[in-house]
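Working notes for the structure below.
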Amino acid sequence: MTPEVDLGPVLPELLLVAVGIAGLLYEAFARRSDVRIHLTLALFAVAVAAVAAASLWGREGPAFVLGDTVAADRFSVLATAILLAAAFVGCLYYAAEAGRDPSLYRGEFFPLVLFATSGMVLIAAANDLILVFLALEILSLSLYVLTGITGRRQASEASLKYFLLGAFSSAFFLYGVAMAYGATASTKVTAIANALTGTGDELALALVAVAFLAIGFGFKVSAVPFHMWTPDVYQGAPTPVTAYMSAATKVAAFFALIRVFDVAFQPLWWDWTVLVVALAALSVVVGSVLAIAQSDVKRMLAFSSVAHAGFVLTGLTAADAAGIRSAMFYLVAYAIMTLGAFGVVMLVEAGREGRTTLRDFAGLGTRRPWLAALMTVFLLSLAGIPPTVGFIAKVTVFSAAIGAGHWPLALLGVLTSVVAAFFYLRVIVYMYMRQPEGDPVEATVPGAPLVTAGVLAALTLVLGVFPSLLAGILEEASILRW
Amino acid sequence: MPLDNVVFWVFAPISIASAVGMLVMRNAIHAALFLVVNLFCIAVMFLLLDASFLFAVQIVVYAGAIMVLFLFVIMLLGVDSGVSVRERLLGQRPLAIALAVAFIAELFVAVRAGIGFATHAPPGFEAVNQPGNTQALSEVLFREYFFPFEVTSVLLIVAAIAAMVLARRQAPAVTQAELEAHRAQVTDELEHAAAEPPA
Amino acid sequence: MVAAELVPQEAIGRASLLWLIPALPLLGAAIDLFVGRRLGRWAGWLATALVAASFLISIGVVTQLLDLPDEERLVVQHLFDWISVGDFRVGMDLRLDAVSATMILVVTGVGSLIHLYSIGYMRDDPRFGRYFAYLNLFVFFMLMLVLGANYLVLYLGWEGVGACSYLLIGFWFEEVANTEAAKKAFITTRIGDSLLLIGLATIVFKFGTLDYGEVFTGAPAVLTESAATVIALLLLAGAIGKSAQLPLHVWLPDAMAGPTPVSALIHAATMVTAGVYLVIRSVPIFELSPVALDVVAWVGILTVLFGGICALAQWDIKRVLAYSTISQLGFMFLAVGLGAYAPALFFLVAHAFYKALLFLGAGSVIHGMEGEQDLRRMGGLGRRMPWTAFTMGIGALALAGFPFLAGFFAKDIVLEIANTNERWGFYVFGSIGALLSALYVSRLWFLTFVGRPRSEAAEHAHESESLMVVPLAVLGVGAALGGVLSLGPHGWISRFVEPLVGLVPEGEEGIPGPAFLVIAVGITFAGLLVAWWVYASGRVDWHRLRERLEPLPRAALHGWYVDRAYDAVIVQPAKALAGITANVVDAKGIDGLVNAIGGGTRRLARSGRLLQTGFVRSYALVVFAGAVAVLLYVGSRL
Amino acid sequence: MSEHVLTVTVFLPLVGVAAILLGGRRLPDPAVRWIALAITLATFAVSLTILGDFDGADGGVQLVDHAVWSASAGLSYLVGVDGISLWLVLLTTFLFPISVLASWTIERDAHRYMAAMLALETAVLGSFLALDLLLFFVFFEAMLVPMYLLIGGWGGERRVYAAIKFFLFTMAGSAFLLVAAIVLYANAADRLGQGTFDLRALAAVADTLPVGTARVLFLAFFIAFAVKVPVFPLHTWLPDAHTEAPTAGSVILAALLLKVGTYGLIRFNLTLFPEPSRYFATFVSVLAVIGIVYGAVCALIQSDVKRLVAYSSVSHLGFVVLGIFAFTEQAVTGGVLQMVNHGLATGALFLLVGMVYERTHTRQLSEMGGLAGPMPWLLGAFLFAVFASAGLPGLNGFVGEFLVIAGTFAVDHVLGALSVIAVVLAAIYLLWSYQRIALGPVREDHRHLPDVTRREVVVLAPVLALLLVLGVYPSLITSDVDPSTERVIARVDPQGQTTDVGDVGVLEMVEAP
Amino acid sequence: MRTPIAYFVMLSGILFALGTVGVLTRRNALLIFMSIELQLNAVNLALVAFSRMHNQLTGQVLAFFSMVVAAAEVVVGLAIIVAIFRRRRTIDVDDARELRW
């Protein structure tokens, strides 16, 4: 029997990889690689992949393809869309940054981002734990390299730390895959679910599998206590990479986590929700509190991303469609605001010799009113203040959690967002209520990232006011078949 | 005592001992060699478990290629003397060992509950391995797991790019001292910053 | 014995102009406030004219009232609903009856005279217009107080006059002492007012209304004796504050810091009598509580004695009069407490005349002495200021109870009512009070007008302008002849008022009538003679005499140190308490807790960030520890 | 127009925000000011048409504007007005032009300042009009940001501390509100099959909750609003925020933002949770009375005049809360009236303090004195506002205060009587502070300070006039408020013994025995 | 085969734990990396054991993939370590702590 090969559902991944290889060849053989060509290629790849993904939305056909290793559902299409958007923004940012400071330029950035994105897209669609693992490795390895791509001192340190800890945690993840296999004789998500629904014979191994997988995912989404790498890596990596990484990794890992936990281990939800509650509680508290003490904005945003992981987990404590929807909405929101915030940080950094401390934001309100305004929107959204998308996102995850009876967790989340508001507000304080110091090298702000950030800010507000724009899509995407 | 039992009880201690050896060796080369021993023991275990193909791959790829690469890098960097083995982190070692013991204990509990220490492998694996481990394996690999197999190629490309990117030489930018000074200043400022209660 | 509440009549005919009586002074106040400076001297004339117009309208309205039969002498004019929430309604209603009629005549009558006097007195003041604005505003509020047909309109006027009193006492606000006095007056009376406010709340609770008509009609049925006592005492508290009775009298002597016409109008003739008015007004409630009436009487008599003794020791001419006012108001309270409402009202009217006269006279003296107020630096002014001396003499005699002057009748009736077997204590103390009145007022007159000038200023004093003297003369006539309104317990004013407030209670006579009269007159003459002997005969060195009596005179001079006691027992501890509350409890305690939460979080963050050591192996350890913890949880689920 | 009049009112200021922000630096500062003034005046004009369309006799919600916001999440855009919110809305639209005009002298970043003001107006109006719990919360939280920017950007020396404290304090309070709201939503989903935040539907849902749950939810709502009001002991953000905010900020903060708290207590706590409201009434009332006295006591010894007014707000708002939780028509209506009154009186005080500050550049009472000499009109107006604030009858502060006292006294004599202490204390701290500002000898360098300018007259006159008008004719407001409070009380206390203190029936009692 | 499967699984667990200890206690980046390799191998052992237990070859396929991953990781890892060494002249991970707090 020859398996039916339907490559349609993985067309976006294939396109990304293909163009990635093309870019690689260009980099290898061109005498002087040109950022514009790389950028064009990459954006083209993203655009084409997006079209391919869009066409999959209305796809009719079997739910699982390619030997049941890939799920062809709207859930993965949505993930693809978000991830492509993140890649798009990341490439734009990097191109602008490289245009400003040629010493930062590495042509391989673009193929790597495409490969990473293909891994992320795949991880969200993977219906087999081993494929999840492989995709995870693709994106991880790409990101390790991207983190250190400039070769600067801090970047290489970040890269080393990220790599060592990443490899360490993927060992746990792999162990989890092994345990799942041991428990159910399969690594197919759907098969595991079916196996676990039947009897409780090998429950112990399944639980261990859940634990190990939670560790692996926890690391990727930077949930406490597996978050330790996050601040160092976010701070050390070049800002465009941080922007891309913070948004895309989290989205990809969470989508995979949702599929694994809410489908494969759905029968064990009673057990894993407790774990998720604990991780969520720890993440929101530790992320929010530790961010207070940070003086570097990138580092602060890193801790905030830890807290946001906690909020997504809060939504996932509801092991039902509502929980999935809320988490997806939160991820969309988070991607928008974190991409925007890091974009602004990058633009500020450009005028401050690469520094990103709070002081470098002093007086931004008068120096660059638009930049400050954009940053304010993102910060308020991150803090969950209406009428931004961050607020609606928080409400939806808390609704899901409360609907599942986890109101103490919701309360904790809301209270810690007060703590979080403190450090977001502090940036605003610096921007609007402090005088700028020193004479900054006022680099001209490149247009593309500014426009991008502007669009993101507009999205932040529009989705904050009209969250229903996403409702239908999320409704469709939250249906996970098995 | 059946042969496989004997083999197990001979190689299992060796593998553990070699792993421990790797942990305690001062010299990186010695440690690497212990790891080779360990990998070999695991290969033997594969054989015990009727995975002859993996046994071969383990020895060729792991003990052979990968470890050689390791040794090559160790020698290339010539760094062995540069790294101290003194523990500078307070409580790191005891904590690591304690946690590892706890980890093993937990696993023990789980395995006992999940599999049980009296459960033997079911008979009839020969049937599965027809017409031979390698062929049977390739059946599964290329029928059921052909897509992941293709995906691994992407993984390897990424690895190649990584080597390409990281092998280049880089130029320094802002010095660390500058950044440190700047950060110290800001940190200091934050101590007396915004939300300080009124004097 | 209280008469039943009358049936209110509609305000028709002249009575329909009732609203104009308060409205005209209000108009004057508004005009003078906004354009007073541009009007110059006309501001004063305008104000005076408007109050005078009010007086004329009052006469017109009151005469109409008099034309009605006794049981119909109650006119209520509804202007608009002030408050209307649910079934609770308070109308902006004016009520003209015998009591308020008497009051508006006094207020507008005496008021217009004092306005006239002020034109001269305030001639050179840079804030001339504003002065008259305030004065007119005061008249407005005072009229609202007495005309109000419910307790809330009364309260409106009540607080309004307080505010005006504040403005006028502190009129010369550049002096800190004046502003202190103003503030003290307002706050001290507000203490009484707050209790009055509780009283009003209690009335609302019991009656669901504040309307006099409904309350008075319902009182016997609704109120038990204890409830009536509670309400009455709360109302009394307000009255005590406003009328400067013990123990809230402390503000009145200080209130003399204001311009003298203000003292005459507000702190002698009208505002301070509002307390008496309130009690008389609330007779149907007080009648239900003998206890409350006793308290009123006791407060009155104690204040009579206290004020009299203090007045005797003062050096400041206005402070003598202030303590005198306190004492005289005590007489009115005594009268009310004894159930003699109509006589109390008469006392009020008579007192308005002679005390206003005395104050205006004192103002004339001060004016003539270029601002000097110390009796020790006066003397012999009688020759230089004959009109003032003469008119003040009439006022003094009236106050002393000289036969057939207004004060004689007033005091006489009160003592006569006290002159029963059960109440002989009041009679005795009241008589002592009368003696004190005679003593201090004649002391004042002698020290001012008789003897040799005791200072440079006294030698060069001059008579005031006619604008100021005319009102003195008119008031002098009033003080002299006011008695005709109340010849004996059943005089004209009693007959007018009694349908409303009831008859004077009859008791068994203590000292027989003729003897009583002799004693009363004897007391007055004794007082006059003693004062003459000490201060005017030249045979006694009154300085030495005073020294020999120390420390009593000094204590009396300082009002028996009540102020200092209040300061030590209430004000300072309260300040300290406020300081502790604000600076310790609030700043350190509650806000300290808030800041501690914030600071604690920050400290936690500051130490927590140290976990992020930068050592990748530490990070790995944390990850591993997390893994073990997760497995531990899993183990617990097996 | 008229069916969407509320929506237009709420969002009209946002048009101004857009205009100012898009105009950016091309707009000169004066243009920005005039735009802001024009927009706020237009909003005021539009809001007056609400008054025209409003049926005062109907106590229910009127002029409802409804649109589905997010059907799946059960969110709706739902605004409506009743007697309670009507006058708060008008107060808002009335005070904003005045605040804009009072900010005419803002030089630095006028764009941002005015944009923040206008955004704030939308948020405040939205809070008063929203009938959807989540929509309310959106506006409630959205208020924080512009206010934060106003305090932090244009405030006094410790503005950053004050701004952050204000923000975090309120946000911490509203955290409970959000969770409680979502719990209600979840219960609605259980009981109605579809989650909703519609207040009208939620009331029915809340009635079916177990008593314990309802009480906990009540407390959660209460904490949120208690911070905003602020109820003792959650008040400590207020003195700092009031003191450091720029003049218009203080005005809006005191006059409007605090009212959102008391409004929320009526609209949400009482309406959603009748039984818990009764259960906690004594507790809340005791807190209110403590606040009344405590605020007044603290105000006594303040040396900073804005701080003093701030503490006086704690005291005055205590009256409002006390009234609300007395559940008598007079007390609740008096409470609502007092909200408007306090808004006007304290607003006036802050405006005046601001004007004095612009001249003397100090807020320390010890550095002023005798200012009534050089500036008779300004300080005259000040005294007027002081009297209004002290509850002098004839001015607006009195009627509300009296209704609250009388209405409370009828159900609880002790609390009603204790609250009166504040009447005395208010006189003390207000007059004492006035004395130290205006009276006594004037400092040499203050001798030639100018009196009110024409612009300041325009700012002050309407407010001061209203202080008088509402003191003499409060029915202007109470006639609209009363039917609505009657409904609220009927819901909270259907079998109440005393819900209308005017309903004693003295005359029947006279005839009966 | 007479040896119970659980023995193999436990052996894998012990080796995994030892690998972890190596990651936690060695300062040499290369040795840490080697410890991670040990962990991956331990997992492979478990996979193959389970494969035998289930009478399936899937587990062996998984182990095969895991080896590929390990190989790719080695390439990237060693490249990173070499790059670090070039910049800092040391591969003591404890020296790489500029990013902290």
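Read from first to last, the chains carry the letters A, B, C, D and E; within each, the first residue is number 1.
By our rule, a contact is a pair of C-beta atoms (placed from the backbone, for glycine too) under 8 Å apart; a residue touches a chain by one contact, two chains touch by 3 or more.
Keep in mind that what you see is a predicted model, and the values were worked out from it rather than measured.
List every chain that touches both chain A and chain E.
Touching chain A as well as chain E, we find B, C.
Which chain's mean C-alpha position is nearest the mean C-alpha position of the whole protein set?
Chain D is the most central one.
Ranking chain pairs by how many C-beta pairs touch, which one is first?
Max contact pairs: B-E.
How many angstrom between the C-alpha centroids of chain E and chain C?
Centre separation, chain C to chain E: 96 Å.
Please work out the Cα centroid separation of chain C and chain D, and write it as a whole number of Å.
Between these chains, centre-to-centre, one finds 36 Å.
With centres defined as the mean C-alpha position, give me the chain A-chain D separation in Å.
A distance of 43 Å separates the two centres.
Rounded to the nearest whole Å, what is the centre-to-centre distance of chain B and chain E, using the mean of the C-alpha atoms as each centre?
1
If I count partner chains per residue in chain A, which residues reach a count of at least 2?
In chain A, 130, 134, 137, 141, 144-145, 148, 151, 153-154, 156, 160-161, 164, 168, 182, 203-204, 207-208, 231-232, 293, 422, 426, 429 touch at least two other chains.
Give the residues of chain B that touch two or more other chains, as numbers and ranges in rising order.
In chain B, the residues touching two or more other chains are 89, 92, 95-96, 99, 103, 107, 110-111, 113, 115, 144-145, 148, 152, 155, 158-159, 162, 165-166, 169-170, 176, 194-195, 197.
Scan chain E for residues touching two or more other chains and write them down.
Within chain E, residues 9, 16, 19-20, 23-25, 27, 32-33, 42, 49, 51, 53, 56, 58, 61, 65, 69, 72-73, 76, 80-81, 83, 87, 93-94, 96-101 contact more than one other chain.
Per the contact definition, I'd like the list of chain E residues that touch chain C in the complex.
20, 23-25, 27, 32, 93-94, 96-101
For chain C, which residues count as touching chain D in their complex?
Its residues touching chain D are 80-89, 92, 127, 130, 152, 155-156, 158-160, 163, 166, 170, 173-176, 179-180, 183, 186-187, 190-191, 193-195, 197-198, 200-202, 204-209, 214-215, 217-218, 221-222, 574-575, 577-579, 581-583, 586, 590-591, 594, 598.
Can you list the chain C residues touching chain B in their complex?
591-592, 595, 598-599, 602, 613, 615, 617-618, 621, 624-625, 627-628, 631-632, 634-635, 638
Applying the document's contact rule, which stretches of chain B touch chain A when the two form their complex?
107, 110-111, 113-115, 143-148, 151-152, 154-155, 157-159, 161-162, 164-166, 168-174, 176, 179, 182-183, 185-187, 189-190, 193-195
Mind listing the chain A positions that touch chain C in their complex?
Within the complex, chain A contacts chain C at residues 160-161, 164-165, 168-169, 172, 203-204, 207-208, 210-212, 214-215, 218-219, 224-226, 228-229, 231-232, 271, 274-275, 278, 286, 289-294, 419, 422.
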